[in-house]
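The structure under discussion appears below in the form of structure tokens.
Each chain gets a letter, A, B and C, in the order it is written, and its residues are counted from 1.
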Amino acid sequence: MTQNGQYNFAYLDEQTKRMIRRAILKGLAVPGYQVPFASREMPMPYGWGTGGVQVSAACLTADDTFKVIDQGADDTTNAVSIRKFFERTADVAVTERTSDASVIQTRHRIPEEPLSEDQILVYQVPIPEPLRFLEPRETETRKMHALEEYGLMHVKLYEDIARHGNIATSYAYPVKVEGRYVMDPSPIPKFDNPKMEMAAIQLFGAGREQRIYALPPYTQVVSLDFEDHPFDPSKADHLCALCGAEHTYLDEVIVDDDGTRMYVCSDTDYCATRRAEGHTGTMGTPFTEDAA
Amino acid sequence: MTPLLQVKDIAKFYGNRIGCTDVSFDLYPGEVMGIVGESGSGKSTLLNCLAGHLAPDAGQVFFDTREAGLKDTVTMSEPERRMLGRTDWAFVHQHARDGLRMGVSAGGNVGERLMAVGARHYGDIRAQAVDWLDRVEISEDRVDDRPSAFSGGMQQRLQIARNLVTGPRLVFMDEPTGGLDVSVQARLLDLLRGLVRQMGLSAIIVTHDLAVVRLLADRLMVMKDGNVVETGLTDQVLDDPQHGYTQLLVSSVLQV
Amino acid sequence: MIKIENLCKNFVLHNQGSAVIPVMENAHLSVAPGECIALIGASGAGKSTLMRMIYGNYLSQSGSIVVDGVDVATAEPREILQLRRDTLGYVSQFLRVVPRVPTLEVVAEPLLNIGTDRDAALARARDLLARLNIPERLWALSPTTFSGGEQQRVNIARGFAHSFPAMLLDEPTASLDATNREVVLTLIEEAKARGAAIIGIFHDEAARARVCDREVDVTGFTPAKAA
């Protein structure tokens, strides 16, 4: 029971959490396979991370430290409200520091800082089925997964090249897990794809679509491509204007009515940490506690 | 010679109603067989049973597989059957939109079967797609257009290219010229005939158009109420029909 | 080469009170390689019916039609198809082709069907079209738009493209001018010389006298009108 005694720990009842944990364990046992689960109505709209929230609720213990990021940022509405939600319903410690967190719920990014074996990364997934846009029938896509018929996935990439001259898919870039299941990595930028072979456990929750899937630590994750158009985890060709980093995923920000742009790290915690260490970009000011 | 396809006592029922029953025949490599009959005669049901789209209630359909010779496709595993469906078999639907991905470019439509069997070189896939579009008389500059921008005849030709790109040995066609203008039909028939001969294809064509089978089919099977009432050489069945229904069918064709 | 024994044929008209019309009874015929036989008899006596039965176009009720060892009366469709492809040629009075196919291809098709090299097949087609006086500018066009006489000559060129060991000719010289008639008769003589067994229907008596070794009156095979 939480501080005000109105909710069970982490909002969901214990039976529901058990059900979700079973789905998570099955997902870990069959990496990349979409496990159906009985998604609950959550006190937030679909699209706000109901799947991720349910997975987080099933993972959290009272000793955990929780972090939420939305497009890399800890301070956007979505991140703040989910963090608050678990502060109130689970009374867990929260943090914005990637390295301090034991459970990190994310929307559309993987933190820049490498994660460790004692961390769990929970993704919010809007559409878990990578084949969906080309094959609308669920019965058919399930069969295609079961029989490893993944030619269609390459049709999508083919269409990209035919239309744009290169594989223009820049987020939700499909991957093949352990040489078996083709998986949608959620709408993370393709820049983050190589990071998915990591030490932490990765869990994916799709609330509206009622699917959970997972990657155990150090799972092989290969981005699909063509021999003559290999996968390229590109990003904007700039340095972070605040911390000067050249190896991070950047957000493009228009700063005035003349269209002047600045590029900044999308991972706010990473950028702040670098600035605290003394790195400064072209538009950055030396770090002070309130400058972030 | 081993038949390519050996059909034994296929039956399919819809509840009490007969879809088709007691159908048996052998199809040899290079042969084109027509199945004619009016709407509801069971010819499409039969075709779908043969092509693995419907599970027959009785009977066997043996196909001469490359690896293991004659094998019953009714009892083989689904992955195996689906593999046949994208390698050795082809299915040309009456409505091109049932057989094409309307949201995918012409090149992607043709390339899909190649990618489904493991092609991973974009340049090669595209080159093959262009080559096949050319064979079905679609110019190269349409390779990136979607089928929704094509005429009915072009869509049908695209569907044929998409099906034949992996070099199948058996093509199922369900009213391939249905709903097309007469002039477009002629072009399509000519194309199909040429491809059948060049590639040594075997084909089973379901149609109600006797002119189509006369031009394309070596052999003919006439169906009525789910039963085969007459079989034989196409010109023999059409010129000297033996069964009353076939006589009626042949005499009902309007002369031009 | 061609041997017919005890051949009978009825037409049953199921949609006209199942009327049974016997059209042939106990037909006998034998043609040796290099021999040309003319079928004679009044119109409706069954000359064309017999030809069609030999070609497998009409079914037989009983008896046998052995062509090069294959009994057409009982053969499987694919056996008949193979016979037609390799052994038994048929020049009918009417040309039936897929629209849009160029004349040259129409003529070369029987050769292409038996796997002849494309260049050789087209060369033979050109040769025959030239001999039959089809203007070269028409070769690339579909014969569907040609005049009746031109269509007939295209049909003959197609029929003679492959050197069939057995041939059926249905009025090959009808409505041809003297020059082309001469060409066709020469083609028939050449075929005989290379050993083809030929059965023909000729209304042209002079032509018949020139190329045919024997005449067979099909009236003898017509069932008595007693029925």
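The rule we apply is simple: contacts are C-beta pairs under 8 Å (C-beta built on N, C-alpha and C of every residue); 3 or more make two chains touch, one makes a residue touch a chain.
Keep in mind that this is a model prediction, so the values were computed, not measured.
Taken together, chain A and chain C share the touching chains B. Closest chain to the protein centre (all Cα atoms averaged), using per-chain Cα means: B. Summarising the inter-chain layout, the chain whose CA centre lies farthest from the centre of chain C is A. Distance between chain A and chain C, defined via averaged C-alpha coordinates, is recorded as 77 Å. The distance from the centre of chain B to the centre of chain C, each centre being the mean of the chain's C-alpha atoms, comes to 32 Å.
For the pair chain A and chain B, the distance between C-alpha centroids works out to 46 Å. Note for the complex: chain B touches chain A at residues 78-79, 82, 86, 101, 103-105, 107-108, 111-117, 120-123, 125-126, 143-144.
Of all residues in chain B, only 28, 31, 186-187, 189-190, 193, 197, 214-215, 218-219, 231-233, 235-236, 239-240, 242-244, 247-248, 251 touch chain C in the complex they form.
Interface residues of chain A, counted against chain B in their complex, comprise 134, 143, 147, 149, 151-152, 154-155, 158-159, 161-163, 226-229.
For chain C in complex with chain B, the residues that touch the partner chain are 11-15, 18, 52, 56-59, 77-78, 80-81, 96, 98-101, 112-113.
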